[in-house]
Each structure stands twice: as C-alpha cells, then as structure tokens.
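Below is one structure. I have some questions about it.
All chains are identified by letter, namely A, B, C and D, in their written order; residue positions are counted from 1 within each chain.
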C-alpha cells in the first residue's frame, strides 16, 4: 500500500506536465508540502514530445533537466505516477481526495538497466510517438523519463513474456502481483494542471486525415524531427517513406471553427512558423524544399512578431491567406492536393504537396465541469478564473490554450493561490 | 416484424410517367418486402425544389412545403413524413427548421395557410425523414438483410450519394465528405462497393443541368470517370436528380469528350428489391435507359 | 565540524561487477584515494545498500561519501544524503555503458574506472558540506514598484499569503492606465460584451489592506543590499525620503503609450478627431454609455474607423517592431462602445492580421454579430477632408485602393515598456573608460521607441541601476520554461514592462511574480540559492589578501551579485549570488571558491588521474562538460549504448563560465593530450542559464591560444564546443573525432615532466 | 433601372449591408464572414464565379451594390450545400446566394439573359400553375425560350434524351393535355399570391 502523508496544509497538484511540475516546484521551493499526481508513468507531459520551442528554437529537455534536478533535490514534493485523481470533495482548506494508482509492475529497485526490455518480445503502440511506432511491452517511456524506472505493460502481465522479464531482472524490481489501489487523502488546496490534448483530426473530414496517409498532425510532425522519433529524425512521409520536401501547413485545423473548436488555440501559428524552419534545417538550400502556410490570420502576438518577420524573410516559406477547402489524394503518387481560394485578390489554387501538416487545435484533456461543482468551465471546457471561494485552481493549458511560457506563468500564479489557502489553514491552526 | 407506417411524400418526379417513376416502382416493391406502409399525403404539392428560389422567393417557397406538412399533420397524424426524393426531403425539412426558428415566418405562414383552411404546428411534431433514414435507423442493416433471397454477388457498385441527400442535413452518424451508408447497403445485399470512390459526393449540377449543360456535364463526366477508374459495373444513388443527370447525358458527354461511357445508374431501392427476389419489373429495371443487365440477370434467376 | 572521515562505496550492480575488477577499484580507493573505509556492495541502491551507508554516517561518523556506481543524475532518491559531502564516481553511464564488452577493451575500461574513482576521492577531500550563508537577511517584506493593475495585484496577492508590502506609486493615485479605461475586455463566458474593469475594487482592497503600505507621488531613489536584506530609499515629490528594508522587489512599472505624434501619415496631430485608444477611453468615459461625441465639435459620432497596428509591427524608424497583443481585442471592445450605445453607428476595423487568441475569438464573433465591420487592409493614410476624416487604404481582399469616411479615427498604437535605464550601454562605457573588458551591447538601443531615462530602481549595483533589458527594451526573462528567471536575484518584473499584455494576462503575471518574490525571501532567510540552483547552500568566499582588484569577477558576474568597495575589492552579496561560479572562473589569481565547488575540487580531479607516459600510446583527453546540457547528453548516449574513446576523463562543471584557465594550463602541464570544453548554446538565443557562461569560455579559451604557443603546443589541444542536451548521437562522435585528431597530432610532449 | 430598385437605392443610400440584411434571405449572416475562403474553394462551379461568395460578402460590406446585384455569380449556385457544411462560421451561404439572386431578380436588375435565372422563372411558373411539375411542358418551354428555331435545335439535340425517357415511360407524351396537379389549383394560387404580398410588404417592395 502506497503510504502518502498529506494534511490540510498539503497542496495537491494534478498533472505532471510543465505546468503541474512548475506549480509543484514553485510551491515546494516556498517551503510547502506538495503531492504531485501524474497519470502517465513519468513526468514531463507534452513538452517532452516537442523537438524545439518557439521562438528560440531551443530544446525543451534543457528546461526539463533543470526542473528534474529541482524535483530530485526537493524533499517536500511527493510524486505519484500512474495515478489518477478520481474524486475531489470538500471545501477550501479541507478537501477529501481519492486517487487511484495503477500498477507499474516495477518497483523502486529498478536500476533502468534495461534487461527486462531485452527479455520481452511483445510490442505495444508507443504513445510517446503518438502510436506511429511500437515499443517493447517492458519499456522506459523516453530517454529523460523520470522516475527513471521501467514499466511493464498490463497487456503482457500473466503471459510468458512477463515472466521472462521478471526472470531477467537481477534486482527483484519486477513485481507482477502489483494491484491497482485507491487511496483517500486530505489536502488543503488543489492545483489542476491536466493540460491539453490535440483535437481529433479525423473529425475534420474535408482534410481526410482518416483517409490520406500523407495528411498528419503538427504533433506527429514534431515527433518526426526527433532522432529517437518514429522516423529517426527524418521528414519521411507515411505513405512511402519518401523524404517530404514540399510541405503544406494548414492553420486553424479544428480551431476557430463552429463545427469543431470555437476558440483560437493560440499556439498553432507559432508552431507552424517554427516547423517551417525544420525544412531548411533538414534540407539546407535544396531548391525543392519549401513550406506553404495556409492561414486566416497569423497570430504571432507580442514579441513573437520578431519570429514571424524572420520566417517571412525566408524564401523557402510561402504564405497563402486561405482556409483550405478540402484535400484530395493523387492515387498514383500519394501526393496530397489542396484545393481552395487565396482570398487576397481571389486566386483559385489546386496545389500539390508531398505532405500536409494540420496545425491541430488544443482542447483540455479533462473538461473543467468534470472536476468538481465549484469549478466553472468556459464553452470549450477550460477552467475559468476562480470567482468562488473554492480552492481548486487551474494551471496552464487546463485554463486556456497557452504557449509554454504563459503556461508556466499561469502555473506559478496558481502556486501562490494555493499557498494563500494553506497559509490561512496553518495560521488558523497555529 | 410489426408493420411500420409513415406519411409519404412522393414528389413530382416519382409520379407515373415522370422522370423517377421507376424509383417509385422499386420503392413500393421494397417497402412491401420490408413490411413498410407508406400513406401518401393527400393532394401534396411540389416542394419548389432549390431552383424555385429565384422566382418563388422565400415565403411562397415555404408555403408550398408548409402546405404539405399541414396536410400530413391533418391526415396522417403522428406519422413521420418520409420522402424518397432528396429535393423534396430537403425542401420540407428546411421549411420546418426555418419556421421553427422564426416566429415571424411561422406567423406569416399560418396566415397564408388559413386561406386554405389549413394550419401548421411543427416544433418537430412531425419529423421529416428520408427513406434512407427509415431503412438505416428504423430497419437497420441487419433488418435489411432479413428478406434477402438473392445475393448481388459479382456486381461492383459505385455508391454515388450526391449532394442533397448528404448536405446540409445528411444521414445521422455519416460524414459529409465520405458517407458510407450506400456502400454498406450494397454490401448488405452481397454486392461489392468500390472503395475510395472520390466523386461520391460531387455535385452533378442539379437543376443547372438544364440551364448550364456544359458546366454540369463536366461534373457528370468526372463522376462517371471516377466510377470507371475504380472498376465499377454500375452506379447506385439515392437521388432522382442525380440518377437522371448521370444517366441521361452519357451520349452527349461521349460526343463532347470522346468518351465511351455506358454505365447503368440505379437506385438503392432497385438493388434491395432484386435482392428480395423482386422481378425486373417490380424493381423498375425497365425504367433504366441504360439497362442494368447484371441486375436483370439476377432478377431473372 | 571535526576532521573529515571519508567512506567509499563501490557498487557491483548493473554489470559493474561483471565488467570491472571492483577489488582493484577498492584498492585504488584505499591506496591512492587514501580512504580507510571502503566497501563493496552487490546492489548499492537497494534498501540494504542505502542502510549500510546511512549507518556508517550515523554510527561511524562518516562525513564524506564517495559512491562509485551510476551517474550523479541517477538514483538520486536512494543516494540523497544531504548531511554529508557527497561525490559520485560514474562507473555505469561514464564507463561500462560506453565501452565494448570485449577482452581488448577490458584494460582501458578498467583504467577509466580507476581514474574516475581517484578523481572522486580527490574531489571529496577538498569538498566541505556547505553550511548556509551566515549573514543571510531575514526581512520578508516585499517592495512593489508601480501602482497600476500589475502592482496592485502583486501587492494584494502577496498580502493574501501573509506578507507585508510596500507599494510605491509615482503619481498621485493608484490605478495606472486601467483606471482610465471605460471598460475592459471580458475574461469569462460569454466573452460577448465589455466588462467593468474592476480596478476601483482592486484599489479599495489595496487601501483597506493592513499588510500594504502605499507611498503615492513617490519613487525609489536607492536600492542596495540583497534578497532578505534590501535597503531602499523611497522619496516623495515633496522631497522627504523614507529609508526602509525589504526582502524582495517586484517591478511593476508598466508601460507608456506610444507617442502617436510620430504618425502624421495617420493624421494624428492634423485633426483632433484622430485619437489613440487611450484617448478614446476618455471620450467613452465622458459619454458614460451614451453617444460618444467628436472632440473637434462635440457632434455625435456616426462613423468611426479603427486603424490597427498603428506604428506597430513595422521596421520604419520610430515605429515599434513588435505587436502589442491586446490592441485587436481593445479595438473590438471600443467598437462595441459605439454599437452598444447606438447600433446605427458605422464601425470599421481595418486590420492586417486580426489577433484575438483563445476565447478572444468569441469576442470577435460577438462584435461581428453587433455589426462591427472588419476589413483586411494595409498602408492606411488618414487625412481630414472638409469636416470629415478620410481613411485611404489598400483593401487586401478586393485587392484595390479603398476609402472610408469617418467622423472619428482611432489609432491602435502600442505599449512602450517603462523599463528604466538601458544598463547594457551604460556599463559598456563604464567598463571601457575603466579599461576593463568591454562587451558589445546585446541589444543596442533599438529603434523601437524612446526609453524613459529615469531609473526605476536606482540600484547601487556595480552593473547598473536597473534590470537588464532584453528585446525592444522589455525587462523580460530570456527563458521560455522560466518566465521569472531574473538576472537580478530577488527582483522580479511583471506586467507590461515584461511583455506587452492586457489586464487578464497582467493579473496572472503579477500573481506569479508575487510568488517568486515570496520564494526569494524564504530562500534568502535560509541562506539558500534561488533558481536555477535552488536549494544550493554553498556561497562564494574569497581571500582578500590574494586579490589584485582586477574586477573581472565584478564585471563578469551575470547577476550583479558582486559590488566593489572603495579600494575596488570585490564585495560579495551572497544572497544575490546564484552559485554559477562565473567569478571563480574569472579570477586570475584563484582567490574565489565555494565550499563544495572550488578551483581545488576540480583541479585535484584533473591532477589525480593516472597519467601514462608518452610511449604507452594512451592519450588522455579531459572533457569539461556543462552539467545541464553536455553531461546529461553523455549520460543518455550511454543509455543508448553509444560507445566513445576510453581515453577521455569527463568532469562535470556547473557552467563553462566557472572554468578557470588554470585548470586548462595545469592539465596541459600534467600531460593531458587534449582538452574539450562542452558548453551550451551561446549568442542571441543563448541557452546558458548563467547567461554568458558558454560565451565567456569561448573568449577565455581564445586567449589560451597564446599560452599554447608559448608552450609550443598545437591550438587544437584545447577545443570549445556548443553542445545541446539533445546531442545524444553527436557528443560521442565529437569525442571520437577529437581522439582521432589527437592521434594525428601526437602526444603531449609535457608528459612525465 | 426599375422603380423598385431606385426606391431601394434611395431608402438605404449607401448602406448596402443594411439593405441586404433587411431584404435578402438570411442576409443578416453576411456580417459574420471572416474571409477564410472555404466557401469559394468548395463550390463545384467555383471557377465560373466572377466573384466567389466570400468576396461577395466583402463587396457587400464595401457597398458595391450594383456589382453584386448584377453579377452572374450567384446564379452559378447548384445548391450543393458544400459551402454551408464547411463554413467555420456556420453561414447559410447557399441560402444567402439564393437570397441575393432572388433579390436582384425582384429588383429587375439581375442579368437578363442568364439561363439559370430564366429557367428558374419557367420552373416556378410551371409548378405554380398546377402545384406539381409538368416535366414535358418544362422541357419544351426551356428549349423554346430563345425562340422557335433555336428551340427546335435544342429539342433535336436533346432528342436522344427525350426518346430514352419516353421509351422507359419516364416522360408523359400527353402531359400537355393530361397533366394532373393538385385538386384545386386556384386555391394554391391564392396561397402563393398572399405569400408574395406578405413578403413584399415585409421587404418594403411595392409591387
């Protein structure tokens, strides 16, 4: 049984992505007790799946290394992975929380030596690569995964494979009898940082994500650039693994659309501008390599404008003010053909591209109205600013479509709101 | 199976010796086998079709449809209105929606109908549905299989859904870009539905086949070409306008484009009727200008 | 603390026992490492192993622990002994995982391991378990500079957490720009109509808050000290000055409106009926939801045109190159002022890109529903023509020149940060005239806008009176993951001085800054470092007698932590220090050190490897690797089973900025054949969280070349690299290529001397 | 220019958007367009539009009254509803196009010779007469709308079609004399007349 010590002065942080991690660290570095709950086997969330950040084009894992060092060094934070908050009841300063912890089948003895992975044969879809690839059923989620501890996929538990893994482990780290368990704890305040998920691209029927292999989403494209990603860091299109050079980016794929997400997802313009630079990075001055960005408005707000200007100056990148009407596929070549109208002066086009990337919209992973009655949701299911005197505070992309910098700001603010509550509790008890 | 009853709105093209009379014939036979009773709306009138807008305008067009709805409410109370023609279905449903949305429009319409001693209630009192919805939702693919006697095995169908059966309302759970129900129907009765028929929902020009023949026939050419490309033996459709446009202009298209089109264009109801052991006449196959020989052969067995 | 007792623990797990002769390692520890207390364990990180160590510490009074097992980045939970000085010899990621398991490789692999153990033992002997800064300040009050929405929010939020606040406002009242607004953009469902600003409530809550002391008509005329113990002068216009102490500072100095007089082509100045957004707010306030009147003649306005991006997103001299982010929503809100009062007023917004992120899209739709017309246009020109205004523009959709007539034209001009003095230039001059090293200004005063020259904080710091500016004069953090990573410890900027923002973002930002300010005082009180080395208890100490007053440390400290006294000796403000070691690396006479990180802890590691003589054909390559990027990359390369030369000895450093040239020259003298410095990305988009570490290393090493020439050594013997944490494949390749190069140019002739 | 038209011009001066909102079916949606262009790209006859829907919306806002009302563009609408289902702002574009065409037609400034306009007129009169389509009459009317000679040409050109339809009993050769419509056409005429009256009243069109 997992023993967790938590009191009315403890802050519960739900979600171990950049926002949750930040909220937990900032609160803990103010001296507060924090319980950090992550539903995946390791912390890091979506940023761990990013190749680069805009606008600096730096590496997300650089900041993650710092945050992990902060986390490892901080004894005030208790981390639970593969754990989900199933119920939050109570009032500010006094919440009863139920947390369900799913079995990892690997205990803290694990040295991440990798012997179990070598032993098993079964493979499962790799969610870290958006299921574009397979991974062993005994796996370390990704290079920088923390806790640095393997996972046995439930699908092989009870199979010969699982026993092979167990046998291969010299350190009694594999425990196939682990059971799912639910713990009940008290906390004083809750920071909800469950983040976002990409909108289901298949629902955008005119773009045929479900019909044409060479129509992919921006998050999948991002994985392609990772040397440890599905294509080993090459921009190879799914249909025939040919290098994709003439690449289209479709903005507002699911966003700003009454048929899909009514809000603007904010990051997609910058994401596509960023991804358009990958083409130069990969192909140098190869004349065939080019990006075409189909947009309604380029929303490079505040100082992001600098980056927009930089990309505009790149003759490899073309901009067409148009929401693409639909996509068809050339059966012989597998190329995608984008149909529409450039609305700046009415030019019709039927443009052929090697690959089409949908700048996919953001929706909240957990709808605000599913958390607790005291939490108010906006039309898209994001957490609205807390008016009530409840102490469940949204952080990061659970509150709005935000870029990393704003998500971290939001998480830092949430940390203070939670601290205000637990400080009230402690002064009351003192 | 308990008898299912509906208030039926056949529409002009399905009248005797009208352009879709054979559609009607096969629908009757099909419903017979499926134990569906269609109670024709007495004294129904034309829906105005989409093209009616230009001269008819807004209110008169809605009045035409409102009259039918009113007659149905009056004579076939508590029965869903079912149409077999896309335009009829669309026109009636659109009017119903619009009247429900605008009190002004509803009031005006009521005022007009009063002249004929009619009244209309709405707020979805009488759901307006396409025959295809009845088959899929009320009978279900399993149900459609039951009366099946003959398989349409060996025939390749291009399921041409067209526009107005598909947009703006469409069939529940189907996508506007790639609806699958025709293909599923074809497979239900043992036929082969060609996969990735990318002109499935392309417009045939509709009424503009009359006024803009060249432009429309360009569309029709693509629709037929794509069917051939995928090796279809015949085209199947749920819409009288589509059926006619795609079938009757093939000679002219051949002249104009030097193509050699000669592909039958059938109705889903004809397929089902044949599968349900109806003969060629019952299936209205004698109504096809380009004979659907393979179907006739199966029907003859 | 009594005298040191060092214990060494050699782990045999994860294949270390199979691949290496651990008895040999133990021997090395005893004989060369001079450690009496050496244990081997089959599986050191399990409960039994950890207990063994724990018992030795508690029972045997062990003060210094060397763990010879996996990387310092692994198993931190198990090996987190924070009551002793701790060293880790990286035998797993550092040795066996990067070496082939072959008989030929055995010898060199063992030598690698032996050396790493020697190095760890050497390091630990010169390490002390740091004790927190003794003269840490304990003041927990927070100074907030600026009484606008950002300042008031920061103040109330800090107060709600129980902290005292001094709020200094330059003008006679609180509220800032927001108080001048008629209404604000909505921040919650249904995002359809302008909202009350809520500023008056905020002002009330500030005035009623007992934790908050407000100073109006006042400014900060002096700031000295450090987190936990800042000393500040607050001077009122009246002239009287209050001196007080605070623990940390929030700079919420906000923005100034861009001066629309620089936009004659848009008619500003040519007609009173051309106004900027701020002026329209005034007109709307006067109208109080009634019809808005025209400034020129008081006529009720029937038509209004909003010109977006006025003097913004433009590289024209005098214009702002950036986008102020809020202006689209603001114009939408202002168009609603007209439409809500009278739907028949024509309101046209001429925009290039309409930027209403998030739920702003609902607000945009709402405006359209109300009949606001949006036109995509460029090259606007505004001229008064018989009593009306004429807006000429190019209609981008219809692709033609178009004209819109209006009673009023509103220019959406931008926000200019009140970020005080641009110290980059100031210090540059300063340094040059003092003959110190000059550095090119990172952001030469951009054409952005005139930056107010009055200092905001009047810091007495050696490195200038205000926070360093980043792009376009904003005092932002340079880091995406760390928006509050300030370059002046304990001082946090928030609101539009950091980045153009609207009220909603500002309040969020101010709340975040308040947390950081609170965190700063809490850390300072405990004598701990703040981010990124948060929790680090060590701090720099220096031997005054050895100091030559060269001022390199004071110049190069990226955080302005070091001042100078009248004799130009460095004065360390421990609580300002971020423990990067840049000063240590800078010091030519090596008088600066940390208890757990010093010229010796690294120097001794370098010296204590076993140096084969030149006929052994076994070169030695020293790798000094940044602990945040290069070292993790090496670990992950090992994880991937990528191999590299057995001749390298890797030493992690806090930052390349902390690398003292003496390590390099000593290394060469003691026979190393080559030295690789691996730092992070430098330049405009630098990655270094200590700002210039990588940059400095490159500069310093370029100077080493002379030394090399004197020693008649090839310049290739010292190479500096930019390495990213993701260079998992590249790093081993770099090493192997370098090893090959050393092979070419041959052994270091100084071996054995 | 018809007097109805001049009346409207005077009534709305240069506020064409308002005129459209008040007189065109679903016209109040025009202002909701955000110029993404999906509609224009989705139209099967797209290339034949001088001004695609999204551009027409912009022209309306820009007050280009004559250009909009006299263009053939709207008459290219096949009522395929592609634009409606794809529009991210849910504008009922098909209906707006119909509405604009109808409005131009009612004002008498729609392109006189546009075949679709003329066919639509024939069609409506055809159904209004008896309440149901008389396909034979319809097609003949259509062929002969440009006079007798060209009518014969059209008829001959379409002969194969007609014969095919006749052979398959899908066209009634006697429809001109024996076509059946609703029981009481007169009553229907009353309804339609009344409807037209009310609509004109609402739209301030004096007829």
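Just so we're on the same page, a contact is a pair of C-beta atoms (placed from the backbone, for glycine too) under 8 Å apart; a residue touches a chain by one contact, two chains touch by 3 or more.
Since this is a predicted model, take the numbers as computed values, not measurements.
The chains that touch both subunit A and subunit B are D. Listed by label, the chains touching subunit B and subunit D alike are A.
Ranked by how close its C-alpha mean sits to the mean of all protein C-alpha atoms, the top chain is A. More inter-chain C-beta contacts link the pair A-C than the other of A-C and A-D. Greatest centre-to-centre distance from subunit A is found for D, with centres as Cα means.
Distance between chain centres (mean CA atoms), subunit A to subunit C: 24 Å. Averaging Cα coordinates per chain places subunit A and subunit D 51 Å apart. A straight line joining the Cα centres of subunit B and subunit C is 67 Å long. Chain centres here are Cα means. That of subunit C falls 65 Å from that of subunit D. Across the assembly, subunit A contributes residues 206, 256, 321, 326, 343, 346 that each touch 2 or more other chains. Annotation for subunit C: residues touching 2 or more other chains are 354, 365, 376, 397-398.
Among the residues of subunit D, those in touch with two or more other chains are 34-35, 54-55, 85-86, 89.
Listed by label, the pairs of touching chains are A-B, A-C, A-D, B-D, C-D.
Interface of subunit C with subunit A (complex): residues 13-15, 43, 45-46, 70, 74-78, 80, 157, 160-162, 187-191, 313, 315, 321-325, 353-362, 365, 376, 396-399, 471-472, 474, 476, 479-484, 499-501, 504-505, 508-509, 511-512, 514-516, 518-519, 522-523, 531-532, 534-535, 628-629, 632, 636, 639-640, 680-681, 685, 687, 689, 724-726, 728-729.
Subunit D contributes residues 17, 31-32, 34-35, 54-55, 58-59, 61-62, 89 to its touches with subunit C in the complex.
Contact residues on subunit C toward subunit D in their complex (touch as defined above): 354, 364-365, 368-369, 371, 373-376, 395, 397-398, 402. Residues 206, 252, 256-260, 296, 321-326, 339-343, 346, 348 of subunit A are the ones touching subunit D in the complex. Remark: subunit A residues 205-206, 208, 211, 326, 328-329, 331 touch subunit B in the complex.
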